[in-house]
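Here come two complexes built around chain A, the first alongside chain B, the second alongside chain C.
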Partner chain A sequence: MNQHSRAVISGVLLLAFHAVVVLAGFFAPYNYATQDRLHPHAPPMSAHFFDCSGKFHFWPFVYGLKDKEGSFGQYERDCDSRYPVRFFARGDRYAIAGAFSLDVHLFTVDEPGRIFLLGTDGFGRDQFSRTLYGGQVSLFAGLLAAGICVAVGMLAGTLAGFYGGWLDATLMRLAELCIAIPALYLLLAVRSYLPLQVEPAAAFALVVLVIGSVTWGRPARLVRGVVLSARERNFVLAARGFGASSAYLIRRHLLPETLSVSLTQLAVLVPQFIMFEITLSFLGLGVGEPFPSWGNLLSQAQQYHNLVSYWWLLLPGLAPIPVLMAYYALSTALQRRLDLKGEEIIG
Partner chain B sequence: MIRFISRRLAQTVLLLFGISVVLFLLAEAVPGDYFSEAQLNPNISADTLQALRSHYGLDRPLVVRYGYWLASVARGDMGYSLAYNQPVSQLLFPRLGNTLLLAVPALLTCWVLALVLGVLLAGYGGKWSERVFSLGSSALLATPDVLLALLALLIAARTRLFPAGGMHSLATADSGRLSSARDLAWHLFLPGCVFILSSLAPIVRHVHAEMKEVLQTPHVRAAEGHGISRLRVLFRYALPAAANPLVSLFGVSVGLMFSVVLVVEIVLGWPGLGPMLLEAILARDMFVTIGGVLLSALMLVLGNVVADFLLYAIDPRIRVQA
Partner chain C sequence: MIRRFQVRLLMTLASCVLGICAQAQAQATPELMRVDSEPGRIGGRLVVGQSPEPKSFNPVFALDQPTQDVLRRMNADLIHINRASGKTEPALAKSWTASKDGKSFTVQLRKGIQFSDGAPFDADDVVFSYHVYLDEKLNSPQRGLLLIGDKPMMVEKLGPYSVRFSFASPYAAAERVFDSIPILPRHLLEKEYAEGKLAQAWALSTSPQNWAGLGPFRLKQASPGDRIVLERNPYYWKIDSKGQKLPYLDELIFLIVPSRDAQVVRFQANDTQVIAPLSAENYAALMPEQQARHYNLYDAGPGMEYNFLLFNLNDDTAKLPEVVRRQVWFKGLKFRQAVSMAIDRKAMVRLVYQNRATPLATHVTPGKKQWVNATVQAPEYSVAKARELLKSGGYTWKGDSLLDTQGKPVEFTILASASNALRSQMATLIQSDLKALGINAHVVTMEFRSMLDRIQNSHDYEAAVMGLSGPDDDPNPDMTFVTSDGPLHLWHLHEKPAPGSWQAELDHLMAQQLITLDHAKRKKLYDRVQEIMGRELPVVFLVSPNILGGAQADLGNLRPAIIDSYLLWNADEIYWRTPAGNH
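Right after this comes the complex of A and B.
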């Protein structure tokens, strides 16, 4: 498989992941806050075709849950109650992109039956649904933060490279400051000055802004390097000779030159920033309850008792893996492409 | 050489100075301080709070406070922790020691593993092993550190082979040096493994990529043409040629290490810098936060200095330039 098709495949996969997450309301059987108060810490269940007596059913079904004899908080399947899986059935109301209110779900089961593909958490909330909704926070926090970071980096790098002098010196010293501190520590330090208890929406904006604002150093340096070499190229010198203004030169000639570096940086940074969001939310410094994120979903498992007794609390942690792998494949392909281009110019 | 060292030292001091100024300015720009939480307590009067603030000097102007802090850094205290009522350095230095005890051996092991794996794979790998490697390493790269650490905790809890967190067990507290060292190693094992697993993938990928490139160069192919054994070609002729960018990566990996080790320490209860920093952040204990961040920046600079020295030692081209 060549680099080009690899990039295309990972790009398509990423689009699909993002679409699933945006349409979480449809793909998830329940709302992220819907509680089944009778069944906290229910284990994962799957759809069956064969019932307890071994009889085959054409339509998939799930069992009801009943308390295990002589135990507290443990369940076993209730062979007497079967609930067929309904596709495109009605359930909790949800909004797509904050606008369209719908209540059709890809799959669900009739009340009082429940379908918990990844089990439930301590509040009896469906982990599968929460994982899908959590992706909204984690994926878009990464994307937006990387967008801010690269935009600031492009601006700072272009200005520094184009004008030089004290502006260059100041901006680059600032960039070095950002690079000199391990990213997570800088993130935590900046986060430490901001209020801790905030609404999920405000927390999301905070996380995005904090990540974006402390990491722009590296893209800024890369962009500056490109601008430094581009501004001496003949077509730029010619444009300048014809009396083009600085703003025109930057907009028309220099920014387009930095675009390939910036886009590659974007693909490299998004997965890193998704990881940062996961870590921040896991530590309780990011988006908090009741809205899920891939980080705060795992924080329940941090309690020793929960972790030992209910291993399925770790399952949401698997969700980032395919997404991040697709991002890494995309960024590797882009980086190789960029290198090749550089060689072509030299040759 | 001396000029190089002194320039580097001056740069580092300036850098740390810059970082501390920025952190102070940030703290000033945001409302609230360590005593803000106490305002919510009806049993503490506003006068008491005012008295506490003026006792700790929080009501003075920023420049004065920064001056006091600088003086305290010069004394080696690095400020004063309001939560612990102790100089920050007394809190942070033992913690930094614990962090380094975990991170340095783990990072070195990680590099040895990455070098051996990356070189052997580049030298002997076929189509399928390359594919498995590329898939496996990117899966490892994509696994959140948090998940790996939690899995380690789960393993420790289920198998009971390893302690679930901490650094010493009570039983071996004063039972001689050998057994307490063994106890420490036993506690070190799982956090070390998590650390290695989460930092291995990017390093081994770089080693592999650099080696692949070097194996195409004429001097390596000439060495092969002379009938020198494959293993000797790989480690004696190819690896040194690939070493230059890898040594720079080593400096970078020290920074990476600090981010990974923070998560590992917090989840697995290793009493290092990470848990202390998190606690300080939650309590708004400002000087501990600043101290922790400065120490991490210092360690990153040190990592780069070590990388520079290594480069000087192994790459003759740089020695000629210098």
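Right after this comes the complex of A and C.
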């Protein structure tokens, strides 16, 4: 498979992942905050075609859960209660992108039945639904932070490379300073200084902004390097000779030159920032309850009893793997493309 | 003149000889205490996980629980509260009498007993110890316990084995004050105390030869960060019904294990043989392997811990407009009652404590068997009734959102300690329950000390989920929480209650119970305190967890208790049923 196909496949997969989390309300059978207090720590369940007596059913169904005799938080399937899986059925209301309010779900079961594909947490919340909703924070925090970081980096790098002199020196020392700041500690400090009244989601967005704006050092240095070499090229010198203004030169000739390196940086940084969000939420510094993120879903596994008794609480940890792999594949493909382009130019 | 001198010399000599004889006689027949527990087998060692590490071996400045857990096994008090029965029993004091006015207390000490280094124990050690604890300059944590009506108790030696304690005012349950106040060896600490170096004495690095106590175990070896090894005190003053000297165990080892979860793993691997307290989840996680790994799990029932939802009712918040705006709701009784009614405590018991907890009506938990007022019940969970209450208080709804009398949405932040998963879970359940009332509550988890700083000092918070625990089955420790000037009167610190208000009545009732010697009358006063707390809800009481623990099945005389040190309180009586070589 060549680099182009890899890039395309990774891109399509990423689009699909992002689409699923944006439409989490549709794909998830329940709201992320819906608690089934009678079924905490319910294990994952699957759809059946054969019932307890071995009889085949054309339409998939799930069994109800009943408490095991004399135990707490342990269940067995109730062969007397079967709930057929309903597709495109009505359920909890949800909003797509905060705008369209809908109540149709890809699949669900009729009350009092429940469908918990990845089991439930200690509050009886559906882990599958929470994993889908959790992606909204994790993926978009990564995208947003990386977008800010690369945009600031492009701007600073282009200005520094193009004008040189004191501006270059100042911006590059600033960039080095930003690279030297340990981002995790900075974030801890910012988070603790935010007033309590700030909505958790808003607080997190602010934190993402802060991170994006202090991690621009590395992309800025790369972009500066590209601009430094590009501004000496013949076509740039020719344009300058014909009286092109600095703004025109930057916009028309230099920024397009930096685009490929910026895109590669973006593809490298997004997964880094996704991991960053997961780390923060794992440490309890991300979005607050009840909103899920991949990090805070995984934070339940910090506790010994969860690890030994409820293995399904680890399942949300698998969700970032395909996304991060797709991002890395995309960044590798972009990098290779950039290298080839460089070789062509040199050749 | 010479004759008189000779007579005096003879008398002195005679008294010296008599004194030595008397001392020798006392030492020959020490007044040992006979315990009625099952006679055990001598030998073996018991390893217990400890987290975090104790800070020193100096009981004068021991404030934290881990240090106290170790020191209580090494020291003894005058009168001890039996953790199983909750009643006082003789310890270093073999008997005591209270004066009729309840203002003084005379104790008779055991004769002929010795510290762990062999030095004799007498009234001078008791007077010295209490002198140290009451010293204002040292500011020992025990000092607060020994202030009765804000005045320190007086200690007076009446004889070599007799001491009188006097209080400024009558003091109910005076004998309970002596529990867990260790008697110090005057012969080892007097010099340090005189030189003002007591705080530096008995650090973790201290040599075992320089340490002495009256408890069942004495220091053998301390390896900071690793373990503390205690060995049997050969001079201990208790014997069993067969006349065997206690303790039975040769060694008691405290293994430093950094976290609760790690402690569970070490217990499962039999690296440690006793674990308490256990969380309900870890209890459930240990349950399946009980038979295979030969350990027993214990549920001692509701403890002394009470958890509650705290609203900021402080009146010095003028500089915090966001808090002031919300305090209008919090200060309304109907609002607090509605919140209390909308909280599903049974779900909390089930989901957070896996059915090993009890819903609470007040700060008095069912663990306080002698004092709990059974007529004050936790409110019945009813969202409909809660909504009615809010409606009658002038609240309205717009869609799903609750609006206050000004038409503004009711929304506030609940703080919870990030290091306490159980309280965070409670906060999440409350958040979900309040949603049903249309209240948008945000849960913010925060490092515990930062949270405490907001609650106790800056008052920059709206609501918080907190928990407190009493040390004893008696109303007195609750003074700090209930009375308006108490340091744990968290909802409104340094409150100045208006005359005739319910808080003023609470202050009066608590002050009265403190000096009422008759148990029935005292109970009546305390019943009334509970009625007011349950009715006025200065905080919304939630649940009280059970005390859970585990120990190797082969250990004898294990009697789980609901106050510290849960499974180790009678470490002197615990023994291995099978021969010691196995352990």
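Assume the second predicted complex is superposed on the first by the 327 of 347 C-alpha atoms of A that agree within 3 Å, B and C clash if a C-alpha of one lies under 4 Å from a C-alpha of the other, contacts with A are read in each partner's own complex, and residues count from 1 in each chain.
Everything below uses one rule, namely that contacts are C-beta pairs under 8 Å (C-beta built on N, C-alpha and C of every residue); 3 or more make two chains touch, one makes a residue touch a chain.
The shown structure was predicted, so the numbers you read here are calculated from the model rather than taken from an experiment.
> Of the two partners chain B and chain C, indicate the one touching more residues belonging to chain A.
On the superposition, B touches more of the residues of chain A.
> Mind working out whether A:Glu176 is in touch with chain B, chain C, both or neither, as first, second, both or neither?
first
> Determine, under the contact definition given at the top, whether A:Tyr328 touches first (chain B), second (chain C), both, or neither.
In the superposed model, A:Tyr328 contacts chain B only, not chain C.
> Have a look at where A:Gly147 lands relative to chain B and chain C in the superposition and call it first, second, both or neither.
Touch status of A:Gly147: no partner.
> Who does A:Val308 touch here: chain B (first), chain C (second), both, or neither?
After superposing on A, A:Val308 lies in contact with both chain B and chain C.
> Go through the superposed model and pick first if A:Pro60 touches only chain B, second if only chain C, both, or neither.
In the superposition, A:Pro60 touches no partner, neither chain B nor chain C.
> Name the contact category of A:Tyr185: first (chain B only), second (chain C only), both, or neither.
So A:Tyr185 only meets chain B here.
> If we overlay the two complexes on their shared chain A, which of chain B and chain C does A:Pro84 touch? Say first, second, both or neither.
A:Pro84: touches no partner chain.
> Have a look at where A:Gly288 lands relative to chain B and chain C in the superposition and call it first, second, both or neither.
second
> Give one of first, second, both or neither to describe whether A:Leu298 is in contact with chain B, with chain C, with both, or with none.
The first partner, chain B, only.
> Considering only the contact definition stated at the top, list the common interface residues of chain A for chain B and chain C.
The overlap between the chain B and chain C interfaces on chain A comprises residues 192, 195-196, 284, 304, 308.
> Spell out the part of chain C that touches chain A in their complex, as residue ranges.
Against chain A, the touching part of chain C is residues 261-262, 264-265, 279, 281-282, 284-285, 322, 344, 347, 350-352, 354-355, 413, 415, 418, 421, 424-425, 427-429, 431-432, 435, 442-445, 450, 460-462.
> Going by the contact rule set out above, which residues of chain B touch chain A in the complex?
Within the complex, chain B contacts chain A at residues 15, 18-19, 22-23, 26-27, 29-30, 32, 138-139, 141-147, 150-151, 153-154, 157-158, 164, 255-256, 258-259, 262-263, 266-267, 277-278, 280-282, 284, 286, 289-290, 292-293, 296-297, 299-301.
> Using the touch definition from the top, list the residues of chain A that touch chain B in their complex.
On the chain A side, the touching residues are 173, 176-177, 180-186, 188-196, 271, 275, 278-279, 282-285, 294-295, 298, 301-302, 304, 307-308, 311, 314, 317-318, 320-325, 327-329.
> What residues on chain A touch chain C, complex-wise?
Residues 33, 35, 37, 40, 72-73, 122-124, 192, 195-197, 199-200, 284, 288-290, 303-306, 308-309.
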